[in-house]
Amino acid sequence: MFDALFTPERVLAELSDRAFVQAMLDAERALARAEAAVGAIPVSAADEIARACDAALYDADRIAVEARSAGNPAEPLVRALRAQVGGEAAAHVHLGATSQDIVDTASMLVARRVLPLLLEDIDAIAAACAALARTHRATPMAARTLQQQALPTTFGLKAAGWLVGVLEARRLVVAADGRLAVQLGGAAGTLAALGEHGPAVVAGMAHELGLAEPTLPWHTDRARVAELGAALLAITNAIAKVAGDIVLLAQTEVAEVAEPLDGRGGSSTLPHKRNPVGSTLALANARRVEAHVSLLTGGGPHEHERAAGAWHAEWDGLEGALAACTGAADSMRGVLEGLAVRPGQMRRNLDLTRGLIMAERVETLCAERIGRAEAKRIVTGAARAATEGGVPFGEVLDADPDVPLTPDEIAAALDPLGYLGSAGLFVDRALALYSESAPSG
Amino acid sequence: MFDALFTPERVLAELSDRAFVQAMLDAERALARAEAAVGAIPVSAADEIARACDAALYDADRIAVEARSAGNPAEPLVRALRAQVGGEAAAHVHLGATSQDIVDTASMLVARRVLPLLLEDIDAIAAACAALARTHRATPMAARTLQQQALPTTFGLKAAGWLVGVLEARRLVVAADGRLAVQLGGAAGTLAALGEHGPAVVAGMAHELGLAEPTLPWHTDRARVAELGAALLAITNAIAKVAGDIVLLAQTEVAEVAEPLDGRGGSSTLPHKRNPVGSTLALANARRVEAHVSLLTGGGPHEHERAAGAWHAEWDGLEGALAACTGAADSMRGVLEGLAVRPGQMRRNLDLTRGLIMAERVETLCAERIGRAEAKRIVTGAARAATEGGVPFGEVLDADPDVPLTPDEIAAALDPLGYLGSAGLFVDRALALYSESAPSG
Amino acid sequence: MFDALFTPERVLAELSDRAFVQAMLDAERALARAEAAVGAIPVSAADEIARACDAALYDADRIAVEARSAGNPAEPLVRALRAQVGGEAAAHVHLGATSQDIVDTASMLVARRVLPLLLEDIDAIAAACAALARTHRATPMAARTLQQQALPTTFGLKAAGWLVGVLEARRLVVAADGRLAVQLGGAAGTLAALGEHGPAVVAGMAHELGLAEPTLPWHTDRARVAELGAALLAITNAIAKVAGDIVLLAQTEVAEVAEPLDGRGGSSTLPHKRNPVGSTLALANARRVEAHVSLLTGGGPHEHERAAGAWHAEWDGLEGALAACTGAADSMRGVLEGLAVRPGQMRRNLDLTRGLIMAERVETLCAERIGRAEAKRIVTGAARAATEGGVPFGEVLDADPDVPLTPDEIAAALDPLGYLGSAGLFVDRALALYSESAPSG
Amino acid sequence: MFDALFTPERVLAELSDRAFVQAMLDAERALARAEAAVGAIPVSAADEIARACDAALYDADRIAVEARSAGNPAEPLVRALRAQVGGEAAAHVHLGATSQDIVDTASMLVARRVLPLLLEDIDAIAAACAALARTHRATPMAARTLQQQALPTTFGLKAAGWLVGVLEARRLVVAADGRLAVQLGGAAGTLAALGEHGPAVVAGMAHELGLAEPTLPWHTDRARVAELGAALLAITNAIAKVAGDIVLLAQTEVAEVAEPLDGRGGSSTLPHKRNPVGSTLALANARRVEAHVSLLTGGGPHEHERAAGAWHAEWDGLEGALAACTGAADSMRGVLEGLAVRPGQMRRNLDLTRGLIMAERVETLCAERIGRAEAKRIVTGAARAATEGGVPFGEVLDADPDVPLTPDEIAAALDPLGYLGSAGLFVDRALALYSESAPSG
C-alpha cells in the first residue's frame, strides 16, 4: 500500500513488474548467447532473440494476468518473446530451460541491482555513525538498562555500538550478494535438452550476467535465497536498533536528540511536536522485512524438483524484503545525516538522580577502605535516605560520618566524567573497525 | 510482484491506492456529516466537503510520495482535500480528527468491501465440498497417515472434513467482519477538539459508514485488526488444507484427482503433466497470508497513544493478507468446481497393499474367536509372510490353518467397503452443519 | 530454560510430562468407560483399565525416551498401560483408538486445566485496570503519539484502554475454551473398529471428560488448536500493551509509575534503579507466546489423515504458549496490583512543554474569532517564538497583540484539565463494559 | 514437552538448567582469573572463586524460582556463589560484571558445547548423502515438479542436491561458531568498575573460555545471536529438505525408499505400514527451529543498553533452537544411514506414463528433422492420443506416419537412461565439493 511511502522511488523502479520482465528477458538473452557460444543454437538466432529482449516491447500487466493460469510469469513471457522473435529463431528461444530457471535468475538479477542502492545507504549510515562516535567520544549521557538509568556512558559509545552493528551486518549483505547465482537446470535439473552442453551453457550464462555459477542447479535448494533474506534482516535489525534508540532519545521527556527538521515530522496542529518520522518508518519497514523474510527462510522444505507453492511465495517475499530494507536504510540515512544531538540535555538527564547513578562507584571506593560488606551497607542506606528524603546523594554522603571519604573525594566520585571506564577506548576500536571496513578507507 | 498472478483483479481494484484514497475520503465525508448533524460544523460545509470526497479528484501516486515525509497518507490527503474544498468550508475539513482516525477507518472500510468478495468464494468452496461429500459418500479410498496408507475411508469423508474446516473458519471471518469499527479519537484519544460532541460524532460516523461503534477509540488497541488477521489466516488454512490434499492426490503415482483442464496447468513441453496450478497458487497465497498476518497479530505492543512503526507496518500487512487470502479462495473455488475425481484409481490404490490394509480388521475378527494376543501373533505373522513373499494377504490367510476364519469370512474381511465405520454418518453430520450454516439454507 | 523464571510453578505442574501422561490416561479411561457404556467392551475391563489410569504408576521420562522411536508418547504409554492392566482386560485397552486420538484429547485436557488459572489472573488484571481507571478518571497526564507528547489525556483513560483490551481478548479465550473437544477417529478417522458404536463412544467420551463433541474427528482439521493459539496470543497482546506502557512510564526521565517494591527489581549495585521486572518478563513471555503460537496457526496444512511433522510440532507449541501466556498474566497481575502511580509527576511532565501542548486548543479558540487560517498563522508563530526563545507559551501569547484572547482566556485555554474532551465519559463506558463482562459482576 | 522425544539425551544434558548453571559458573571463574591476571583481584580470591564454580554445589531449580523476582538467573546464582565462597574472597566475585555479561557468556558456552554434537551428525548426514549420490549416480528415477513427474533424473542427483544443501549450510554453522564471543561490559557497557583494566579482562576471559573477543560489549547488538539462529535454521532447512523428499518417496503409492526398520515406525495394528518416523520428527523439529529462531532474529530492536523483554526471550529461543536442530540432525542421520532404496520401484514409476515422460525428447528429435512448430504439433497430438486411448506413447508414435523417426529411434528416444543430460556430471561436482569440504577429506 502506498509503496512510495515506505521505499524510495529509485528502488521501486528496480522492483517494478516491468523491471522484473526486463530481468527475465536478460536471462533469456544470456541463455541464448551462451547457447550460441557453444553451438547449441545459431548465433543469428541468438542475435534476433537478444534484440527482442527489451521490456518496452511487452505489457507487464498482461503478463501478470496471463501468469495466473500458468502459475508463473515466465510462461506467458516466453510465449510473447517467441511471438516477438518470430520465424526460425523463435524455436531457439528458451531452449532447454524451464520457467523456474528464468524466474530464479531474474530474481537474482533484481537483487543484484537493488543491493548497490542499499549498500550506498548503509555506507552513508556507517559514515554518519562514525562521525557521531568521533564527535561525541567524550559526551556523557546515561546508559539505560530496562529503560532505567544505570550508569554514565557516552553518546560516542552509543553511536559506536550502532556503527559496529551496521558494519557486521554489512558483511553479511556483501556475502549474500556474492552468492547470487544463475539458475539453469531445465525441467528436471539435469539439463537433458542441452545434451553435453549443459555445464558450459550454465557457465556462459553466469558470465554473461555477472552472476555466480552454482555447483548444481538449485530449483529446490533455496539456501542462497534464504541467505539473502537473513542478510537483509540482519542489516535491517542493525538499522532498527538505531531507529529504536532515537525514538526513545527523542521523547519529549528525554529530548537528547531530535530528527532533522527538513519539512518532515512537524505537526501543524501540534506545533511542539517533532515527530521522529524517519525512525518510525524505519521501524515499520523493519517489521515488514521480518515478515517478508519469513517467506525466504521458513515455511518448510521445497518438494522434489519444484515446490508447489513454497517457491511461488518467495517472489513476493524477496521483492517485499528488498523494498522494506532499502526503505529503512534510506529513512535512517536521512535521520542520521541531520540528527540534532543535545549534549546539554544528556547532562541534565544524567543529573536527574542527583548523584544516585554514581552509587556503584561510591561503594567501590568505600569498599577499598572498609571492605565490601560494610561499604554496601552504608551506601545502600545513604541511597535510600537520599531517595526518601528527596535530597542529593552527595549531601547525604557528606553528612554521614560512616562514609570513609572526604567531601572532595565524594565530589569526584559523583562526577560522571570520571567513571566512563573504557568508553573512549571502545569508541576507538569501533572507529578502527570502520577504517578497515569502509570501502574507500 | 505481479499482483494479478496471485489475486483476482476484482479484488485488486478494491485494494488499490486509489481505493484507499476513496476510503479515506469516505471517512472524511462521514466525519463531516456526523459533525454537521450535531452542529459542530455547518451543514453547508459538510455538503461542500462531501462533494470533494471523490478519489477521481486526487492523485494517489502523489499522495504516496508526499506521505513519506508525513509518515502517513492521511496528512497529504487532508491537505489536498482542504485545497479542493477551499473557502470557509476548508477550515471544517478533518475537524477534531487525527491522521490515524482516517487511516484506520479507511482500512476498516477496505476490509468491509473485500470481505463480501471473499465470502462469495468461500461459499462456493463450501458448496463444492458439500457436493463432493454427497456424491462420494460411499466412494472408498485409502486414508493416509504420515503419508502411508492406513485404512479405508471414503472420498466423501475427506471432502466432508474439508467442508467442516471451511465452515468453522467462515464463522470467524463473519465475526471479524462484525467487529470492523469506526476509529475516531483525535490526537489524544479524548476527542478534546469536539467538546461535548465526541461520542455523538463517533456514533454518527459509524452509522454513516455502516461500521461498528467501538467502546473506546482504539489507536493502540489493535485487537480488532488482529482478529481480522487471525480470521483470514484461519480461512486460508482451511483452504490450504484442501489444496495440500489435492496436490498429493494429483501426484502422477496417486492420480486420484486432477485439477480442471481449463487452459491451466498444461505444459507444452511436458504433455503428460497436468500441473495442479490452482492448488499451487492457493498454497503460495497461504504462506503469504501467514507472513502478512504476522504484522497484524504480532511484533509487540503499540506504545502509548500511537505506535512508532508498529501501526505503520499494519497497512501493508492488512492489504497483503486480504489480497493473498482472496487469491487463495478464488483459486480453490476454480479447482473445486471443476475437480476431476477418479474413483477407479482410488480403488486401485486401495488394493496396492493386496489386502494388508485390512489387517487390523482381520485381527479384530480373529480376536473375537481366539483372544487378542493369539490373534495378533497370527495376523502379524501372516502380514509379514505376505510382505516378504509378495503374496496377496488373503492367500496367506487362506493357507494358514491357525487363522480362525473361513475363506468367505476372510474375503469379507478384506473388503474395504465393509470397514468404513462411521464414515457415512460423519458425512451426514458435516452436510447437516452445512445446511444450518449456508447463508441461503 | 529455567521454566520457573517465566511461569508460575502452579502452572508448570499442569504442563509437566507427568501431567500430560495423566491426561493421556484420563483419555484412555474415558474411552474405556464410554465403550463399556455401549457394550463394546466389558464393564469389568473398563473398571480395571480405570484403576490403572494413574500417572503415578508410570515413568514419564521413560515414556519420553521410548516415544522417540514411535514418534509419539501415546504409543509407549498404551504399551505400558496394557502391561499394567494385564490379563483379559489388557486386550480392551485403547480399543478402536489411534495414538493421535489420545495425544490430541490429552492436549485438550491440559489446556482445559490451565485456562482457569489463566482466567483467574486475567480477571485480577481486569479488576486492577478497572480500579486504576476509576481512581484516576480525572488524573491528567500527557498523551503520547510516536513517543512525543501530543495533548492531555487522563491516566484513567489509559487504564480504561488497557481494560477494554483485556476484556475483549478474554472473550476469545473463553470462546476457545468452549471449543476444546474430544478427539476420537481411529486410524482413519472412520472409527471403523468400533462398528456402529463410533458416534456414541465419541459422545460418551466427551461427556466423561467435559469436552465438546466435534462434528467430525479432527485429525487434520486443526482449527480449534489454532483458535486456542490465536486467543492466547490475543490476551497476551492485551497484557503486553500494559507492560509496554508501564516500562515507558517507569523510565527514569518519565517516572509516572513504578512497579511494586516487593523485593523484585531492586539492584544492589545500582540502588537508584527500580527495574520494571514484572513488565519485562511479561514482554519476554509475549514474544515467546508469539513464537509458540506460530506452531499452532501456521506452517502449512496437515496432510491427509495425519500430518508428518506439523502435528508433532504442535505439542511443544501448545505447551510453550500456555506456559508463556500464563507467565505473562501472572507477572502483570503482580505489577498492576501494586503499581505506584504518581499524579504529581504526570502533571510535571504535562507542563514540560510550558504550554505548547495546548496549542491546538488555543488555535481552535482563536479560529472561532478570526478564522482558521489567520488563527493558524498566529498560533504557529507564537509556538515557534516560545520554542526558540525558551519562553512559556502563555507569555508569548499574552504579549502578542494579534492573539484575540484575553489573558484570562489564555490561562484557561492553557489548562490541561479544561481540554480532556470525552476522556471521563470514555472511562465510564469502559467501566460499564467491565460491569457487564465481569464474571461476578 | 517430552523433550527426549525430539532431542537425543546427550544433547539435552548440555541444555539442562544445570548445564547452564555450570556455564554461568565457568564465566564467573574465567572472569575472576582474568581479573587476577591483571591484578584487579587477588590470585588467591580467584582460586577460591574457581573452587566454588561447580554446578554440583548449587540447586538449579531454586535458582530458577529465585530468578523470577530478579528477572534473570545470574542474579541469584551470584548471590549463591558469594555465599559459597564466603570470607574476603566473596567481595571479589562478579567484580565489574553485570548479570547480562554472565548470562550471555554462558549462552555462548552452551552453544559452543552443543555445536560439535550437531556437526558430528551433520557430517554423518553429508557422508550418507555422498554415499547415496555415488552409489546411485546412474539410478534413474522420475524428477517431479509440482509433484508431477516431469522428466527422468537420477537418485544420485537427488542425493547430490541434498549433499550440496547440507554442505552449504554447514559452512554457516561453522562461521556462527567462530562468532561466539565472550560478553563483558558491566552495567553500562563501559566496564567502568574495572578502571583501565577493562579490555585486558575481556581478552583474558575470552582466552580462558576459548571464545572470540568482540570489538565492543554486545549487550544490545544481538547480531551474533541472530547469526547463530540463522545458521541453525539454514542447516535445519537443508535437513528438512531431505526429510520432506523421503516422506514423499516413501508414500505407499511411490515406495521408492523406506526408512530403516530398526524397531521404529512399525505399527502393530497396521502391519503394512512403515511409518517414516525419523523424517517426521525431523520435519517437526524443523518447524520448531523456525519458531525458536524467530526469537533470535526478529521481534524488534533491543533498547538502549539492555532490552526489557527482547533479551529475556532469547534464552528460551536459543535453547529451543539448539535442541530442535540437533534433534532433526540426529533423526535424519539415523534415517539416511539405514535408508532402503528401491531402484526397481523407481524404474516402475518412471514407466507409469508409458513413455509420455519422454515426450520432450521425442519432440526435440523430431524438430531436428521437420522444424519445431511441426514437431510440436505432431508430438502433442500423439501424446493426447496416448493419454486418451490409454495406449503406450511408443505405439502411437510407431503408428503415426508423420513422425519422422524409425521404430528404433523411437525406442531409443523413449529410454530414460538416454536422457539424463548432465546428471552424472552434476553428481561428480557435488562429490568434489564434498571432498573439499569434508573435515577429514
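Some observations on this one:
Chains here go by letter, A, B, C and D, matching the order in which they are written, and residues are numbered from 1 within each.
The criterion applied here is as follows: a residue touches a chain if its C-beta (ideal position, glycine included) is under 8 Å from a C-beta of that chain, and two chains touch if they have at least 3 such contacts.
Model, not experiment: these values are computed from the prediction.
Of the two chain pairs considered here, B-D and A-B, the higher C-beta contact count falls to A-B.
By residue number, more than half of the contact pairs of C-D reappear in one of the listed pairs A-B, A-C or A-D, namely A-B. Mean C-alpha position of chain B lies 24 Å from that of chain C.
With each centre defined as the average position of its C-alpha atoms, the distance from chain A to chain B rounds to 32 Å. Along chain B, residues 71, 144-147, 150-151, 187, 243, 247-248, 269-270, 275-277, 280, 283, 286-287, 290, 294, 299-300, 308, 360 each make contact with two or more other chains.
Chain B meets chain A in the complex at residues 1-6, 9, 15, 17, 20, 60-61, 63-65, 67-73, 187, 243, 247, 262-265, 269-270, 275-277, 279-288, 290-292, 294-295, 299, 308-313, 315-320. Every residue of chain A that touches chain D in the complex is listed here, in rising order: 71, 88, 90-91, 98, 100, 143-147, 150-154, 157-158, 160-161, 164-165, 168-169, 172, 186-196, 198-199, 215-217, 219-224, 226-227, 230, 233-234, 237-238, 240-241, 243-245, 248, 283, 286-287, 290, 294, 297-308, 360-361, 364, 367, 371-373, 419-423, 425-426, 429-430, 433.
On chain A, the positions that touch chain C within their shared complex are 142, 144-151, 247-248, 250-254, 268-277, 280, 299-300, 349, 352-353, 356-357, 359-360, 363, 376, 379-380, 383-384, 387.
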